[in-house]
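The structure appears below as structure tokens.
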Amino acid sequence: MSAVATPGAVTGTKVMTYREALRLALQEELARDERVFVMGEEVGVFEGAYKVTAGLLGEFGADRVRDTPISEEGFVGAGVGAAMLGERPVVEIMTLNFLLVAMDQVINHAAKIGAMFGGEVRCPLVIRTPNGAGNQLTAQHSQSFDGWFAGTPGLKVVAPATPADAKGLLKAAIRDDDPVLVLENLPIYKEKGEVPLDPGFVVPIGRAAVAREGSDVTLVAHSFATVRALRAAAELAEQHGISAEVVDLRSLRPLDVETVAASVAKTNHAVCVEEGWPSYGVSAELAARIQHACFDDLDAPVERVGMAEVPLPYAKGLELAAMPGEGRIIGAVLRSLGVAR
Amino acid sequence: MSAVATPGAVTGTKVMTYREALRLALQEELARDERVFVMGEEVGVFEGAYKVTAGLLGEFGADRVRDTPISEEGFVGAGVGAAMLGERPVVEIMTLNFLLVAMDQVINHAAKIGAMFGGEVRCPLVIRTPNGAGNQLTAQHSQSFDGWFAGTPGLKVVAPATPADAKGLLKAAIRDDDPVLVLENLPIYKEKGEVPLDPGFVVPIGRAAVAREGSDVTLVAHSFATVRALRAAAELAEQHGISAEVVDLRSLRPLDVETVAASVAKTNHAVCVEEGWPSYGVSAELAARIQHACFDDLDAPVERVGMAEVPLPYAKGLELAAMPGEGRIIGAVLRSLGVAR
Amino acid sequence: MAAVASPPALRPLYEQMVLGRVFETEAERQYKAARIGGYCHLSSGQEATTVGTMHALQAEDLLVTGYRSHGFALARGVSPEAVMAELFGRRDGCAHGRGGSMHLLDVDRGYYGGWGIVAGQLPVATGLALALVRQGRPQAVLCELGDGAVNMGAWHESLNLAALWDLPVVFLVVNNHYGMGTSVERASAEPELYKRAAAYRMAGERVDGDDVEAVIEATERLLTQARQERRPAVLEALTYRYRGHSVADAGLAYRTKDEILEHQAHDPLTRVRTRLRGEGVTEDELDAIDRDADERVAAAVRFALESPEPDVAQLAYGMHAAGSQEQFARMRPGSAFGEAELTFDAGLGA
Amino acid sequence: MAAVASPPALRPLYEQMVLGRVFETEAERQYKAARIGGYCHLSSGQEATTVGTMHALQAEDLLVTGYRSHGFALARGVSPEAVMAELFGRRDGCAHGRGGSMHLLDVDRGYYGGWGIVAGQLPVATGLALALVRQGRPQAVLCELGDGAVNMGAWHESLNLAALWDLPVVFLVVNNHYGMGTSVERASAEPELYKRAAAYRMAGERVDGDDVEAVIEATERLLTQARQERRPAVLEALTYRYRGHSVADAGLAYRTKDEILEHQAHDPLTRVRTRLRGEGVTEDELDAIDRDADERVAAAVRFALESPEPDVAQLAYGMHAAGSQEQFARMRPGSAFGEAELTFDAGLGA
């Protein structure tokens, strides 16, 4: 699997939203491989709760784009079983919060199959679902459990931050022979960017990207936190003359520690940003890896920025106060660099 | 809540197993408070899959010691509802692996109640369950998801390592007005120790303990990993003349960072040990906290020791190779101290 | 509360139903004016079921609902002020602005929320019923859920426990024909949902959820059985949702305008209005009721606008019980993400 | 495979049943000799159900079971050597020593495991049936579960999906009266478990699980419906577990010795033996069958003992597909816990 275009491939790019890039990836893979089918609540007639699958039912029919009852445990498990027989199910979970009712199928079934059965059978299942907060959806609908899955041997987890990576990583996930969780995000769906039109374009799993070059501090993030980090980096440059490098993880398992470590070795400062709660979260693993790989390079402790550690409240003002906004990222950078605000 | 004995209380201690200490705590609390009741699979007639509740059905009857069908989501949720009406349910989950089917009730319900309903209602629920591996129980039955719960705002998580703490923390959990997960462990049930007989004895939530004093390196652990750490510390003293301090976390949320940091400030070296998978695990949070709190004190990167990152295989030899045994802990200490083996 | 025998007075029921309808219309307007955010699920068209079931529920009984709950809260007696203020995310809301539209509650009225995970409220309601039994209280729990929720595992486990343990709980399935865009026939292998009660040897029946008197009769009968004989039951109320799934959904991708109009042709409010006319109530009196509802809702909006926003310093309010602050004291050093500032048990402020 | 019409020959069935019984007896002995570890669930007493259903299952059909599966694996044709070697945790086990007693499988025989979470295999089996339909294959899936599994949410969701989507799957409920120490009556509000199929408009029936011919007849009929008409079904087989829940359980805390003896009085093996005597088979011939089973199992033990232990360097074997190694290459630096040594796709070694 690589980002190299296939011979005689379509070239050029098009500016589209993250949502459209995901749709394009699904459309291309549905057209490419009979074994691929999409399954989930409201993916067909309703065209997706967040419209990612809009138009696919009309193009591919109800067998390839299958509406399900509200039964996450049942249809995630059905995806597991279908994958064991060689199908390529792409299961949509309306939001990550609802995957909690299907945890047993993901963790105790999909993730176990390869090793537990001695390599005799595989489970090429894709689960795609958005995480995140920001729309006053309140405590039960505003969560990010990214690290739980990234910490589960047997799973692969990707979390694209750009439309191009959304297309390339979803396609890579569908073509992968192992279960892959594709973490999307609600606010990121409307973000725009250049997307390669080549149907052969895939982004390899397990490779981070330097989203912005810099020399003073490294911001490490994934998914929507990368968007926040880039905004903070721009402001740091303008307002504070600080040059921040932004490493976009893209994959959480496998985690590309090499790229992160190389950046911190250069900047000597690291701030890890995530949408979720930091305690026992993704930023904990990042800080642990960075302090280990870059012990002699670090001029200051690794800082972490994430969601305030409360169930997300409804009131707009409270929710805003809880979010890992650019202001808090910049504050952490200044703390790391020992600069008074 | 404190460890101070109540006036006119029973004094003295008795040597008993961790299992017996848990049973004593349940017995005392069932006798003390009518609102307390035990519920779970096989807790009554069968006397507990691991015999923790042996004898309680006979003493307190089927209403206080309630056998359930195999329906974790149902009866964990029933515990949530009963707690909202002022009962003090103590729900046993046969092993932590099975809590996966009830995640939604724990994370999206129990943990949310206090904040989401604006403090109008509380959920004094206790869930107790053993984690861990070591008995060839294989991939679906050998897991530790400790960090998932410890990373969830709204929950409290304790993980005692000694019979005395098992009694004191389970009692503290039952008396606490918030949902508390009591993490037990399969191999630890048979461990013996002195246990205070005073029914007023409780161990405060959120306080770590220095289980062994030392000066060269700090081993940070919880639950059965603390037992391993203490064994490793003894061997380090005998075989290598290395003085290891062992900090037993006892609570994972709230996490007593102060006690950990104070120890590392003294030893300048830290090795975090856990039974679970280290990536995105408890040791990640510990390393992240330590590097932040003790940046100037550390003479070497924080090391981590945990389960090999594979679904646990059945074969004894493979399982042993995967476990965070004393040998691997000692190896990490020597690495941290820069001592060749 | 009306005894099982005597027929309920229609006028107060009509007042409740109109209030519900007017409230939802105003909520949608306020949502579009960006004073309400998040998910906002309206129950316009379902008033006979909401008002009828709440009429049958006694003061000491308990109530649990899903997220489509404005109507239930109002009919249970929560003031339009407290509900509207909650939708506005204000301090005087019934959840002090923390819960919003999906998480209304009023413990004093035995209303234990307002839950957002489909079928997640069923195990909770089962536990409330278990607590009633343990406490020797003679009441029952009414647990509302939608037609889409009957395909979740939580439904099965909860009904089995309730039946096995003889718990006083009535599961009210509000069948408004769709779970988002999925019709009952596309979701449930047994589209006559009440029949699923038989899998637990539980009583199950179906009622015209647009006939408020029929709803009251059936609910009272099943609640009485639950209270007196500790027999749980399923009551399926057939009704229809006029608006989209939530305010964000136009509600036409999966059904026709005609279908909606056909249902509106026998609107539950109109049906009661006609009955009242028959009983000699004049158009003027009925219009007065409508105007009164308009005024009550307008007053609720004024109240909500004046209620203060929650204090950001109270971000973690209610998360943990009093005394927890001390337990968390040692988690702070080394924290790099402001957790240190969180306080759980301070008051809500002036 | 016998066609639906002609009665099955009893002798090969008896041979299979005896093999299953002898294997379990030996497995218990080996467990106590510490050559087998973990959880070990025996199916002694349930042979008519295991052998009968496997007789009805065609070569191209698929099989999924729970963890009490030695008998199913053997009756499906997995060699006693491969099963015993798996219990011993050896490289020649059907899961190469990775799965143990609970996770047997044999993909070549359409046996997709061997699962340990109660009811967790039901959604998986439903998905296998969905794949059969998508691939236009005319076969069906047989999914085994226990009486305790029918109270899990996964049962409900799986049966609803299977019925809603017309999937070719037969859910075989092996009702051995207990889930660990809990009798069916204490666990299920509808103790006639097959009746729960009605909640999905699905066919459900009960069969004497100790009568191998009755089991074959019912299983063949339901599997044929599943294959030809894509109609899923529930088959409840009433049988009894002689030993404890697992080898660790004496099995007497929740039932009496008399109850066990009473069931052993009409032992499924004895019943077939008597029938064969009636057909003129001599005691000597029958004893020869028993001796032959003893020898096959003894040979399996010898084979297992000689099979090599898995190579510790292959700790992560099978976890990830070929090619994954490269994806994980950059996760290693900074890793402090030996993950670097894990290899997924190297061979199993000699």
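Observations on the structure shown:
The letters A, B, C and D name the chains in turn, as written, and every chain counts its residues from 1.
Definition applied: a residue touches a chain if its C-beta (ideal position, glycine included) is under 8 Å from a C-beta of that chain, and two chains touch if they have at least 3 such contacts.
Note that the structure is predicted; figures quoted are calculated from it, not measured.
Across A-D and A-C, it is A-D that has more C-beta pairs touching. Among the remaining chains, C is positioned farthest from chain B, on the basis of C-alpha centroids. Each chain gets one centre point, the mean of its Cα atoms, and the points for chain A and chain B are 31 Å apart.
Centre to centre, using the average C-alpha position, chain B and chain C are separated by 39 Å. One simple way to say how far apart two chains are is to compare their mean CA positions; for chain A and chain C this gives 35 Å. Residue positions of chain C with contacts to 2 or more other chains are 95, 97-99, 103, 115, 117, 120, 151-154, 157, 160, 164, 186-188, 316, 319, 336. Shown for chain B are the residues that touch two or more other chains, namely 69, 71, 73-74, 97, 100-101, 104, 108, 115-116, 138-140, 153-154, 253, 255, 279, 292, 301, 303-304, 309-311, 313.
Chain contact summary for the complex, chain A toward chain D: residues 1, 37, 63, 68-69, 71, 73-87, 89, 104-105, 108-109, 114-122, 124, 153-154, 156, 176-178, 204-208, 251, 253-259, 261, 289-290, 292-293.
Against chain D, the residues of chain B that register as touching in their complex are 41-42, 45-47, 49, 67, 69-71, 73-74, 97-98, 100-101, 135-141, 278-279, 301, 303-306, 308-311, 313-318, 321-322, 328, 332, 335.
By the touch rule above, chain D contacts chain C in their complex via residues 151-157, 159-160, 163-164, 186-190, 195-196, 198-202. Contact residues of chain C toward chain A in the complex are 37-39, 86, 89-90, 95, 97-100, 102-103, 115-120, 148-149, 151-154, 179-182, 186-188, 253-254, 309-310, 312, 314-316, 319, 336-339, 342. If you check the complex, the residues on chain B that touch chain A are 73, 97, 100-101, 103-104, 107-108, 111-112, 115-116, 138-140, 143, 145, 147-148, 150-154, 253, 255, 277, 279-288, 291-292, 295, 298, 300-304, 309-311, 313.
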